[in-house]
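Right after this note come the structures.
One chain, chain A, links the two complexes that follow: it is found with chain B in the first and with chain C in the second.
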Partner chain A sequence: MTPLLEILQDIRPECDFSASEDFLADGLLDSMDMVTLVSDLDRTFGISIDGLDIIPEHFANLRTIELLLEKYGVKA
Partner chain B sequence: MNFLFDGCALTGLLTVLPSHERSFVDEMANFNFPLKRSLKLKEVMGYDRHRIVQGPVCASDLVCFGLEHLFSHGLLEKDGFDALVLVTQSPDHFIPPTSNVVQGRLGLKQDLLCMDINQGCAGFLIGLFQAFLLLGQPSVRRVVLANVDLLSRKVSPRDRNSYPLIGDAASIAILERQKGAAPIHMNLKMDGTRREALMIPAGGFRQPSSPETAIESEDAEGNFRAPDNLVMDGSAVFNFVQVEVPPMIESLLETAGRSLDEVDAFLFHQPNRFMLEKLADKIGLPRAKMPSNIVEHFGNSSGVTIPLALAFNLREQVLHERIRACLGGFGVGLTWASMLMEIGPLGFCDLIDFQ
Partner chain C sequence: MSLGIRSVEDFRRALQAIKASGPGFSTTFFAGMSQLEVWLAAGRIEFLLTREGLLIARRDRDFLHLHHLVPEPGALPGLLQALPTAWKDRTLVADLVGRPEDLSRIADGYLGHGFQEHRSLVRMGRTGHPEPRAFRDPSVASAGPEEAGEIVAFLERLLDRFAEQIPEAAEVADWASQGWVLASRADGRLAGVLIFEYQGRSCRLLFWHVDEACRHAGIGSGLIHEFFRLTQGVTRTSLWVMSDNQNSLAMYRHYGFQEENAVDRILIRHPLPEGASI
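Presenting the complex of A and B:
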C-alpha cells in the first residue's frame, strides 16, 4: 500500500479509495476530512500545502492528490 | 480602503469569559461522526475546551459584569468615558441598542454616546476604527469599546463544523487620546456578495423565527442544524481567508513602511488552528509570532478572539513594555481588515470569569 493510500485508509478505514474517481461526490471524504488529510500529508511528507491549493479539485481522487504532491516535490 | 489615526492609544483591556467550560471529547457523542474521525479533527483544528454561557445569559450581562469589575477595582471611573461603542451579533434585543441597555443598567451619565455595531470576526478592528474616529472630537476624551458575542446560543449542538469551535466572551478596551502615540495604520475591505458564507438565515425580518425555522435538517456532511442556527460554509470561508488576507497584510505593511520582522506579534482572529497555521505559512511568518491557541482554550468568540489573544498570550509583556502588533480580522460580511499599532504599557490587561 502506498503512503498516500495508507493515510486515506487511516482517515476512513471502511472506504475503498482506489475504486472512486471523486472522493467528495462519492461521500468518501467531506470538507473536514480534507483538512485532516492535508494535515497528515504535510506531516508525513514534510511539506506545507499552500492554503490556495486546498480546494476540492485537488482531492478528487488518488491521481489528483498525487499531482498535487508532485507540485511539492513529493512522489507518493 | 486605507485609514490613518494619530494620537490615539489602547490603554487598558479586560476580557470576560463565562466560567462554564465544555470539552470537545464530552460533546463528540452529539455529532453524527465516528469517534476516530472526530478525534483526528480535534488534533488538527485545535478543538479542545470552550467557554459557553449557561441559560439565558445575554450580551449586556457580560459587559455590565466587566464594567462593574473595572469600576469596583478603580480601573475606570463610572463617568470617566464619553462614548460606549458595543460590537455584537447577539444583541439583547432588536430594539433598543445593547449599549443603551448597558447604560441604563449601570446608571451611566446621559452625556454619553452609546452606539451598537453589528459586526463579527473583524468586529474588534471595526470597533477600534469607530473609537479612533470619535477620539477626533474635542468632547470625547476616552472611549469604552465593548466586544461581546454569545453565539453558542445560535449554533446547533449537533453541528460538528461549527459547535466545537464556538465560544462566548466579552472584551472591554479603553481607548484614549495620547500625545506622541505612534500612527495607527488600518486597511479594510468588504464584500457583501459573499454574505451567505456566514449567516443566521432566520430570526430577522426577512425570515422571522417560527416553529418551522427551529426544525433541524441534515446537511450533505451529516451535520444537523435549523434555519435559526448559524450556518458557515467552511470551505468558502477558508478559501476567502487564504486569498484575501495575505495581500491585505502585505499592503498594510507597505503603507506603514514596515517589514514583517519589525512586527512583534500578529494577533489575528482565531477561527481554528489549521486555518491560522496555513495563513502564517502563506504570509511567511514563523508560526510562533501568530498565536493560535484561543480556540483550544476558550473557543472562537468572534470579535473577541483578538483582544483575548492579546490578554492570554502577551499580558505580562504589554503591561510592562510597548510592542508593535499587527491585528487582523476576517469573516462575517464578508469583511477583512488589518491594523498596525503599538500597544503598551497598558494600565491593566486582565481575564476574569463571569459568574
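Presenting the complex of A and C:
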C-alpha cells in the first residue's frame, strides 16, 4: 500500500479509495476529512500545503492528490 | 467586529496566512465557500482576526456557534483570551469535529476558557442501501416548501438546539423543493420527519425524528424505508448521532450503519454571572 493510501485508510478505514474517481461525490471524504487529510499529508511528508490549495478539486481522487503533492516536491 | 474580513476572498487570504504560520494547523470551520458567502450576505457571521489566529461567530437563534482557525493548537488559549465581550455575553457553542485522538489538545484550550462538555455525536455510515420493502406507508409524503416553518417548529420542540444544528426554515424549504424532506402525518398533525441531502452520488441523512406521542406506530420505519426507496443507487450514506443515545445507535446498526472514527464534541460556554471571571 502506498503512503498516500495508508493515510486515507487511516482516516476512513471503512472506505475503498482505490475504487473511486471522486472521493467527495462518493461520500468517502467530507470537508472535515479533507482538513484532517491536509494535516496528515503535511506531517507525513514534511510539507505545508498552502491554504489556497485546500479546495475539493485537489482531493477528488488518488491522482489529483498525487499531483498536488508533486507540486510540493513529494512523489507519493 | 468583522475586522478585515468582509468577503470570501478576505477569508481565504486569512486562512492562507494562518495555515502558513505554524506547523499544526487546526480549525473547526468546515463550511464551504458558497455557504460562507450566504452567511456573509445575511450578516449572520462575524470574525475576530488576531496574531494568534481567527475566531468566527455565527448567529443561530439565541446563541453563537464559535469556530477557530489557528496555526497550531497551542495558539488557541491566546486566541480565546481575546473573545470580545459582545460574544461572551451570549451562549457560545463550539463543535470540535474530527478523530477523537486529534481533539484532546483543542478541547483543553476551550475547557480552560469557561467551556464545558455538553454532548457528543459520532459519525455513522454505510455503503449502498438495503432493498426497499414493497409496502409503502401511505402516511409518508414528500413535504413542500410551504411546510418548512411547521417542520422547523417540530424539530425545535424535539431536539437540543445547541447540539443538533437545527436548520432555518429557508434551508428546509430549499431541501423540500428538491424532494429531500419527508413528512409523516397522523390526523393531519406532523408525527415524523426525515430530511436528507445529496452530495454527489452519496447522501447525508440529516434528521430522522418521530414525535414522542406517536412512537411505536411504525412511523419511523415508514420514513426510513421511503428514504431508502428514494435514494436507491447512492454510493454511501452518512449521518451523525448522539453518542449516548443507545436506542438510535441500535436502530442505525439495524439498518446497516456502522460507527466511524469521527466524533463531534460539543462544548458550551454560558455567559458568566456579573462580576465573575475565569
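FYI, the second predicted complex is superposed on the first by the 76 of 76 C-alpha atoms of A that agree within 3 Å, B and C clash if a C-alpha of one lies under 4 Å from a C-alpha of the other, contacts with A are read in each partner's own complex, and residues count from 1 in each chain.
Operating definition for what follows: a residue touches a chain if its C-beta (ideal position, glycine included) is under 8 Å from a C-beta of that chain, and two chains touch if they have at least 3 such contacts.
Predicted model only: the values in this text are computed from it and were never measured.
J.: Evaluate whether chain B and chain C can sit on chain A together after superposition, giving fit or clash.
T.: Superposition check on chain A flags a clash between chain B and chain C.
J.: Applying the document's definition of touch, where does A:D22 land relative to chain B and chain C: first, second, both, or neither?
T.: second
J.: Tell me the contact category for A:Q9 with respect to chain B and chain C: first, second, both or neither.
T.: neither
J.: Looking at A:S31, would you say it contacts chain B, chain C, both, or neither? Reply first, second, both or neither.
T.: both
J.: Who does A:S39 touch here: chain B (first), chain C (second), both, or neither?
T.: A:S39 sits against chain B and chain C alike.
J.: Tell me which partner A:L52 touches in the superposition: chain B (first), chain C (second), both or neither.
T.: A:L52 contacts both chain B and chain C.
J.: Does chain B (first) or chain C (second) touch A:N61, or do both, or does neither?
T.: The answer is neither, since A:N61 touches no partner chain.
J.: Tell me which partner touches more residues of chain A in the superposed arrangement, chain B or chain C.
T.: C
J.: Looking at the overlay, which bit of chain C runs into chain B, 130-138, 148-156 or 220-228?
T.: 148-156
J.: Share the list of chain A residues that count as touching for chain B in one structure and for chain C in the other.
T.: Touching chain B and chain C on chain A: residues 11-12, 30-33, 35-36, 38-39, 48, 50-52, 54.
J.: Which of the residues in chain C end up touching chain A in this complex?
T.: So the residues of chain C in touch with chain A come to 12, 15-20, 23-27, 30-32, 97-99, 102, 125, 127, 199-203, 234-238, 258, 260-262.
J.: Spell out the part of chain A that touches chain C in their complex, as residue ranges.
T.: 11-15, 20, 22, 24-28, 30-33, 35-36, 38-39, 42-43, 48-52, 54
J.: Going by the contact rule at the top, pick out the chain B residues touching chain A in the complex.
T.: For chain B paired with chain A, touching residues are 37, 40-41, 43-45, 160-161, 220-222, 234-235, 238-239, 241-243, 274-275, 278-279, 281-282.
J.: Touching chain B in the complex: which residues of chain A?
T.: It comes out as residues 11-12, 30-33, 35-36, 38-39, 48, 50-52, 54-56.
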